[in-house]
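First the structure, which I've put down as structure tokens, then a few questions once you've had a look.
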Amino acid sequence: MIRFDSDYMAGAHPEVLDALVRTNLELTAGYGNDPYTIKAKELIRKATGCSDAEVMFLVGGTQTNATAIDGLLARHEGVLAAESGHIAVHESGAIEASGHKVLTLPHYEGKVKAEDVEHFIAEFYADETYQHMVAPGMLYISQPTEYGTIYSLEELTKLNEVCRNREIPLYIDGARLGYALGSNDADFTLQDVARLADVFYIGGTKMGTLFGEALVVTNRKLLKNLFPLVKQHGALLAKGRLLGLQFGAMFHDGLYERLGRHATTLAIRLREIFRSSGYEIVIESPTNQQFVRLPNAVIDKLRESASFDYWGPRGKEQSIVRFVTSWATHEEDINELERLVKEL
Amino acid sequence: MIRFDSDYMAGAHPEVLDALVRTNLELTAGYGNDPYTIKAKELIRKATGCSDAEVMFLVGGTQTNATAIDGLLARHEGVLAAESGHIAVHESGAIEASGHKVLTLPHYEGKVKAEDVEHFIAEFYADETYQHMVAPGMLYISQPTEYGTIYSLEELTKLNEVCRNREIPLYIDGARLGYALGSNDADFTLQDVARLADVFYIGGTKMGTLFGEALVVTNRKLLKNLFPLVKQHGALLAKGRLLGLQFGAMFHDGLYERLGRHATTLAIRLREIFRSSGYEIVIESPTNQQFVRLPNAVIDKLRESASFDYWGPRGKEQSIVRFVTSWATHEEDINELERLVKEL
Amino acid sequence: MIRFDSDYMAGAHPEVLDALVRTNLELTAGYGNDPYTIKAKELIRKATGCSDAEVMFLVGGTQTNATAIDGLLARHEGVLAAESGHIAVHESGAIEASGHKVLTLPHYEGKVKAEDVEHFIAEFYADETYQHMVAPGMLYISQPTEYGTIYSLEELTKLNEVCRNREIPLYIDGARLGYALGSNDADFTLQDVARLADVFYIGGTKMGTLFGEALVVTNRKLLKNLFPLVKQHGALLAKGRLLGLQFGAMFHDGLYERLGRHATTLAIRLREIFRSSGYEIVIESPTNQQFVRLPNAVIDKLRESASFDYWGPRGKEQSIVRFVTSWATHEEDINELERLVKEL
Amino acid sequence: MIRFDSDYMAGAHPEVLDALVRTNLELTAGYGNDPYTIKAKELIRKATGCSDAEVMFLVGGTQTNATAIDGLLARHEGVLAAESGHIAVHESGAIEASGHKVLTLPHYEGKVKAEDVEHFIAEFYADETYQHMVAPGMLYISQPTEYGTIYSLEELTKLNEVCRNREIPLYIDGARLGYALGSNDADFTLQDVARLADVFYIGGTKMGTLFGEALVVTNRKLLKNLFPLVKQHGALLAKGRLLGLQFGAMFHDGLYERLGRHATTLAIRLREIFRSSGYEIVIESPTNQQFVRLPNAVIDKLRESASFDYWGPRGKEQSIVRFVTSWATHEEDINELERLVKEL
């Protein structure tokens, strides 16, 4: 069985795991006050080109989003996000649980447009009753999006501009950031992301660590007292070094970017296998998630040898399915999938 | 200047005010433990035909909605509402502030359809990732809606059925309930509302009291410990008798219904004045709010002698405006408006 | 029956009520955007000597505390308060419901000491694990306290100093502020309170209005966006002018201070009646609440003709009871009580 | 340097780590829907003797407490806990952040007494104003406590009885449960804990896993919808199998209990080393945390070769320090400490 269900099906990349194994019986201080964590923060500051950024390691994506957003917003503010955004849909109300509304924007294959952000804010303040409504206090985007699409450098720059003009922070959910950076279509670097976002996170869980996300605060005056906030959100790992060690390995010798490139390269091959066999590619995703419309009979046949998820409900005759590659996908898996598709 | 801005521009109906004045220097127990409150609860139980309903008086609508919804939902649940619903738009995030997401449904002139509710819930549980999403835990509707429209008895019955089938409570925001009951188009009674809703409130603020809303819990097992919940939400009035006295007056001798009828009768006259002068009635509202599209020049002219609000942003040439009547509107105000419109 | 249960048993002072009656059928804008509210704010700015203070009228004390504290604290912070403080005991967890811990200090007849505040903060930051604990983000005191005692000018000045040194706001709950100002023992003025507090409120409910509290923000940079915050907390009154009218009457011609003086003068007479009859005065309260230890038989006898509450549980032979006077207490009530006590 | 700072300084016990390494490149479903997690739950059901308990794995202790308590309480309720309890002190307000007050009880070396619980609840409901106060909705205890002490079977039974009588759940924080079970003084078993608690958790982080806590709900009707609640609290691990694998190893062949015994045995030796050298043992802890009063000069000398923390502030001449052993402490570490102490 070859598996394309998600990008969190394997453990850790061997180099990451090795960092844990190698140091396993060492005794160090907890909560991130250990040399491995300090070192990893330094590596991330260097890789992002932000020598004075605050870096904080958390365990998972939902808690990272909830903590950062809670810290960035005033009590009367909400967070702007695509209606397809992870925080709007798939976090069981974690944002609302800390008291904030998610203000949704239309999405275009998962992306929001700077003009829609500007329009929302302009309309908001033009409304005479705006003081009775939830004020847009920040913008959340994901890069790549939940649809696998990526914002171009120009799009990011425009979003940065509207946020700067409107004086709201730009926050980027980078759960799969490495897969965006590893895409052939990417015309931006990690430094660009760090420069254009006020706060963002570099995802580990889906990129080769066992778990862990690196929250990077480049605009430090916007998000203070991160430590107690992280603790309050239940997001502080006692054995903090486990996060430092893993991110240390990821940012050693370019591993993070290599893994991203690996997965997206295989994803593009996968996409073209389906396209060349005449199936409809539903979204032109340049990253590790691919969306294909297949006849239900084809799905049922393929599922005998490969695993992957529906994207939305099963249709009457055809359905959209999602194939996800990751750092752990092998070239052989793609070869095998190609064989299966050709045989259909 | 004749005024149609809103239905909370005057103080209280004279009979309501008189109840306060008459008893002003009496000394009674606080927090609703006084005979006037007990009496008013009894009157409401009688008027609603629910002899064992719990009745609780709160000060305002937003806090009534926030308190009731908070009490009805489990922590992981959200509240279904029209995207135009008051809780979704105009309560500054009060629902989210107590931790719950507002799950929005399409609206049809402010109303939701039973089939959309059913569809939302069916889709929700059909989604394999539903445990990562906010579960629909109750349905909120307003009667009349923010667009002045009303649900028919058949529509209410269908909403009740879908809620019963799906085992979620039906909550009705009755901020302007009297204006619905007073409408010529109303084919339902207060008893019907009480029978079909699990919890609802009878608005006072917009109906002739200085302030105050009567929360009625007909399905008592769904909403317990109301007293401390109300206190926690800062919604408990120290001099609780002020609420009891006002609702006592409102439910004495049919005053509540009379005031509703009065305002809607004038509103229909107002609507027909505009229609007969050739202006577009944007929404066929049978209650005390009327929505008319007028040329901006007409608006500017009318505003010299009458006050009313824009409904949405001012257009380039034409705009939609809202006229609101209330228990405090006089027949002369409408006559005067007629004169103004004819003169245009 | 003469009644000393609480200071919120009557309606409004006749001059206050008259302001409502006189204007009852006027039509004005909602939510405090009316001339009466604007005027009342001006009167309060003048009375407090803070010409640029922000003044906001809310309905009740619990919601005023919850709203102000929520606005003043960062997410990771809690509020310091006497363990006997209203927010710590009698608000059904309203502070916690908006996410903040009440950090309790020892109390001395309801008061906190500046040195205890300093000590708490010093110990907090001396603790190596302080980042895992809730940071003291502001100080809450009540003037007078729940025990009827008052802080002297020197004590207030010291509390102000420790707060200034530690850079946390000082917030004063003035639910009964007028009874403190009206006390013979008061060596401070309303202007002193306004100068020494960053934010405080002037209580109306217990002082002669039907309801309403005037929140005064003298240090405006600490508490912004008050309007949506108040709305979010369900504390915004639709017919806002009712608050403006009442506070306008209270701050017209010194009514507020006169009522305070009236009640405390009667309270001191009441206290001395008991003392001169040989009963123990439990707390030397200089304001409108008096605490006396009485044999249970005396309590039972008195209760045949007078109403008052236990302060804590009924003891085996003796119990502490509380007598409360207010603006609505008559001299005759005290005379009658004297007669009853003498007869015992 | 021998280290006794805490019990979360090392990585994972080799058998636990091996389970992760061995399976690292396997691909499994996320969020706990994998065979390893299912297996581990079964092992825990067996070990606790609760064949129908719900078992849920979370990442850390604070989030486990916050999630369970949030799920167990109604909105108007708070949680009873020792004033020294972890949730009352060291969780940065995580309980309050989800809206609930921690109601503190006096502690006796970290333990609460059943009679104090009963007394609190009795007093609460005897207070006429109880509806204005936060109702005690559950009892939280930690076993062992933050002072290393343990509740005896009799004490647990009494706490269970008072909770049953008062109809509130008993929740046990078992962050270090294995060290209690491994104590010579323990007269209870894991099955007893499971039988007497309604909900409890078996800590992994401090007991030999990299991270992870096993929440066990024996009284399932009290805590439903755990999955979305865990997700909402940001406590759901994407690669859920990491938790299943680790707990699978811990509950294989008695490893969990062996590790507990190992650490407490060494802790008792450590305690007796100090006692026999004439130092004061501050708390008679039978588990892995030991508290000794030492002259500051001794502390400074020892700290040249051993690490350990102050327990509270450093005194003028003497201070209390805490020594913590764990599954990772070696007998040689204790021998070395003995040598150091003898040499003093």
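First chain written, first letter: the chains are A, B, C and D, and each begins at residue 1.
Please note the rule applied: contacts are C-beta pairs under 8 Å (C-beta built on N, C-alpha and C of every residue); 3 or more make two chains touch, one makes a residue touch a chain.
Fair warning: this is a prediction, and the values are worked out from it, not measured in the lab.
Student: Can you give the shortest number of steps from subunit B to subunit D, where adjacent chains in the path must touch?
Tutor: When the steps are counted carefully, the minimum from subunit B to subunit D is 1.
Student: Among the chains, which has its CA centre at the largest distance from subunit A's?
Tutor: It is C.
Student: Report the inter-centroid distance (CA atoms only) between subunit B and subunit C in whole Å.
Tutor: Whole-Å distance between the two chain centres: 34.
Student: How many angstrom lie between the centres of subunit C and subunit D, each centre taken as the mean Cα position?
Tutor: Subunit C and subunit D have C-alpha centres separated by 42 Å.
Student: Taking the mean of the CA coordinates per chain, how far is subunit A from subunit C in Å?
Tutor: 50
Student: Residues of subunit C that contact two or more other chains, please.
Tutor: Those would be 75-76, 91-93, 97-99, 131-134, 228-229, 231-232.
Student: Okay, in this complex, where on subunit C does subunit B touch?
Tutor: Subunit C residues touching subunit B: 3, 5-6, 8-12, 14, 17, 20-21, 23-30, 59-64, 66-67, 91-94, 97-98, 205-206, 210-211, 228-229, 231-239, 242, 328.
Student: Okay, in this complex, where on subunit C does subunit D touch?
Tutor: Checking each residue of subunit C against subunit D gives 75-76, 78, 89-93, 96-102, 123, 126-129, 131-134, 309-310, 313.
Student: For subunit C, which residues are in contact with subunit A within the complex?
Tutor: 70-71, 74-76, 98-99, 131-135, 224-225, 227-229, 231-232
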